[in-house]
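Labels for the chains are A, B, C and D, by order of writing; each one numbers its residues from 1.
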Amino acid sequence: MTIKSKLYEIIFESDTKAGKLFDLILLVVIVLSILLVMLESVPSIENKYHSLLKFLEWGITLIFSLEYCLRIWIVSKPKVYIFSFYGIIDFLSILPSYLGLFFVGTHGFMVIRALRLLRVFRILKLNRYMNEGAIIIKALKQSRIKISVFLFAVLTMVVIIGTLMYLIEGAENGFTSIPRGIYWAIVTLTTVGYGDISPSTALGQLIASFVMIAGYAIIAVPTGIVTAELSKPNKALPSGKVCGNCLSEGHNLDDQYCRFCGAKLL
Amino acid sequence: MTIKSKLYEIIFESDTKAGKLFDLILLVVIVLSILLVMLESVPSIENKYHSLLKFLEWGITLIFSLEYCLRIWIVSKPKVYIFSFYGIIDFLSILPSYLGLFFVGTHGFMVIRALRLLRVFRILKLNRYMNEGAIIIKALKQSRIKISVFLFAVLTMVVIIGTLMYLIEGAENGFTSIPRGIYWAIVTLTTVGYGDISPSTALGQLIASFVMIAGYAIIAVPTGIVTAELSKPNKALPSGKVCGNCLSEGHNLDDQYCRFCGAKLL
Amino acid sequence: MTIKSKLYEIIFESDTKAGKLFDLILLVVIVLSILLVMLESVPSIENKYHSLLKFLEWGITLIFSLEYCLRIWIVSKPKVYIFSFYGIIDFLSILPSYLGLFFVGTHGFMVIRALRLLRVFRILKLNRYMNEGAIIIKALKQSRIKISVFLFAVLTMVVIIGTLMYLIEGAENGFTSIPRGIYWAIVTLTTVGYGDISPSTALGQLIASFVMIAGYAIIAVPTGIVTAELSKPNKALPSGKVCGNCLSEGHNLDDQYCRFCGAKLL
Amino acid sequence: MTIKSKLYEIIFESDTKAGKLFDLILLVVIVLSILLVMLESVPSIENKYHSLLKFLEWGITLIFSLEYCLRIWIVSKPKVYIFSFYGIIDFLSILPSYLGLFFVGTHGFMVIRALRLLRVFRILKLNRYMNEGAIIIKALKQSRIKISVFLFAVLTMVVIIGTLMYLIEGAENGFTSIPRGIYWAIVTLTTVGYGDISPSTALGQLIASFVMIAGYAIIAVPTGIVTAELSKPNKALPSGKVCGNCLSEGHNLDDQYCRFCGAKLL
């Protein structure tokens, strides 16, 4: 086993102990790098610890660069890795630091490192988390058409309500344009309610009341869709034994005998 | 096949390729016309691109007018189309432009074009979206009585709470009238919470706390109603076994005998 | 049949045509009386239409007084009616008008008339609304213990979080006392979010973030409780036929044969 | 039976009448002590009733101290109690009063007494509340992996959205740092919406609209998870048929044969 294949196992796979440890350390470094970008954006901290933060940032950039080069070196088809989803994220997460040497204002893009957090899903792939996550994603996928229809209906509502409020309230009450009215309608219908724009006329408040109560009832729809999907007995996953005698399905994994014909389940 | 019947197929139906294309183009023009109305309402954009926006608006108005005349010309019973739901919307969506030549202030009504978006449902009628949408609508219909009872209870609560707060807080804290108190109660119970009116007295904040916690628990009711409805096994869709004797559908997978004719299910 | 017993049928019962009509008219008058109280509380309307509103108010008060006297006259046991739930509400809804002759400030209490709206449930008792309402109330009743436990947990959380924020943010950021901190915690946890008090320190905002995400997850609990209850097959209602042969239950009302033994269902 | 063992029964257990009474009185005193801490934090009340509040506080502190000493005296292994969860809370709830004699600023910590409220669960342990609470906790436990995956996804979203808004809106619109942007993203996604920070630019409001609609759809996920869990037939509770052969429980009402031993179910 060459060093290269050994490194491959450690860096790209996570079945071995060393591979798991590598992934865990990487995850910690990613989290640290994100915290660092956050701290750098806080003026009071940035002013006080400027040199330390800069030092740490370059440290992490070098670690990420080294890791990126290693990955390119050890994979058999570097191009496939470079243009893969994770390859592009890995590249983009080191780019801003180097660009920052020549340009200003690229610093904020360093937050793209947050996308590296998605790597956590690879690390978790070996255990229950992935299965449970898959159930959620499957439920969302299966309800995507229902949710699209729902979102389309909501968007149409929001356009009509937003324009209505623009006509009723007018610019003097903060509804300066139709897009702003639509923004208000979304803020209200989703029950966020910032209060940066709120109706002042009696008619506007009456319509707002209807919108709010509608929003209250409407929130039931996506919840109902996802819940109904999650509550369905999951047929796709190996859901229990099949009776060898009567071929009935749907037995629990701890069932010993067929519920329908009484034959022993294998 | 005359031109008229050919045009009928293209404009009114959407089974043929040409018909689908027509519907798609129409949809894009509708979306563009709505975006245009929005942009015209933004003062800064309107001032800068006044002539261009006006030009585009008249272009779209002419397209819609042409389409409207075509539809009247090719249907066998024009009156039925003109007074149908879509016929009225089609008419109303071109009216404001022409009225704008004689009156001022009718411009905002052009947003009625947003209602033409509903046409998307006709285009989608051939595919899965319609079925899934139908399931949502069916669930909402079947739960309409429960939701009415719920909304009635909420409205009674809101009237009583709104008045109570008007009595407690009074005009000096923004609760200038009972309708305004009710408006506050709706804003609070639906968890929107603009903050344009909020209780200032200790007693008012105590009652507000109860209202908020009640709103938190109450939101469970419509969600529960819709979810329960959506979770019900859908009898209308062909599911489970089909009876070989009477060809009835909808049997559960674990049913042994036909529920309708008593024949043994295979 | 005496006039008294005839009036009894009309006023107290709602099975006859005249009884239904009486109830409907009463309901309309109640709604009008509530609208009147609301309008009187709006300063601009009150100033303009003072005499008209006063006239209408006394008209409605007289109608309600007459109805109250009639009810006392025609029931066989007046005391039972007077001290019944509806009797007390009927009395309280005419009291403020008369008290207003001698005292000031009693006017707002006239809103107690809103409680008369509950009478709508009596009118609805003959139709489906009552059944569906009963299902909701039953589901809420059966989940009342779960909801109590949940609310108790929420209240404990809210007390602890509110105090914590009082200690962290202090009076200078609007958290002037522990009750005010608790009020903020409720406003935040229920996702109402007025914004009249909001954290200003970094630590306060961090804790607020946790509270909000917790509130986001916690809202799932009451919804889940009520939904689970509403989704349960309702055993109490006549839920289908019982097989006379194998005594199996749970057949649908439209089933003709037993699903388990194939015997004809009666 | 010695006094010590009798006291043990009263103070530590709650099966006897005296034990229940003791627990109930203790609970009332705990609630009173919390109300007292709250009232002391309100400047206007504190100024007016300073002596009375101080007197009551010392009274409750003495009661708690006495109870704490009693508990240590009567248990057979004092160390186990002292370092148990409840032992530590009991100690911490009397500490601030005594510390207040020597230091200032420790007063607020007295709110730790709120944790003593958890004792209510011990009192409730004998009745239905505990069972129902256990069902909720079980459902939350079984969905903890799904909820963790969900929260992780939400946190990643929030970090990316918060940074994006920091870059777009900038310090002049209140997004002074990335953590502040993340705080805004949480406030928005959870539909709390204080309005202390809200987007001012057109692009910012567009993104905010997407975040709000996403938050609206996302709230369906935890609700769906918990509801699906709570809706599952509870295997732990005796439901359905019991096998006459192996006495196993939890068979469905329509099962014909025991799932565990294959005996025909009656």
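Convention: a residue touches a chain if its C-beta (ideal position, glycine included) is under 8 Å from a C-beta of that chain, and two chains touch if they have at least 3 such contacts.
Every value quoted in this text rests on a predicted model; they were computed, and no experiment measured them.
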Degree value of the rotation bringing chain B onto chain C, based on Cα positions, nearest 5: 90
Identified repeat of the A-D interface (over half of residue pairs identical), from A-C, B-D or B-C: B-C
Type of chain A:chain B copy interface by residue overlap (half), same or different: different
Of all other chains, the one whose Cα centre sits farthest from chain B: D
Length of the line joining the C-alpha centres of chain C and chain D, rounded to whole Å: 28
Approximate Å spacing (C-alpha centroids) for the pair chain A, chain C: 39
In chain B, residues with contacts to at least two other chains: 179, 182, 191-195, 219, 223, 225, 227, 231, 254, 256
Complex interface listing, chain D residues touching chain B: 191-195, 223, 227, 231, 254
Interfacial residue positions of chain B with respect to chain A in the complex: 34, 37-38, 41-43, 108-109, 111, 114-115, 117-118, 120, 128-129, 132-133, 135-136, 139-140, 147, 151, 154, 179-180, 182-183, 186-187, 189-196, 219, 222-223, 225-227, 229-231, 253-254, 256
Chain A residues within the chain B interface of the complex: 145-146, 148-150, 152, 156, 159-160, 163-164, 166-167, 171, 176-179, 182, 188, 191-195, 198, 202, 205, 208-209, 212-213, 215-217, 219-221, 223-225, 227-228, 231, 248-250, 259-260
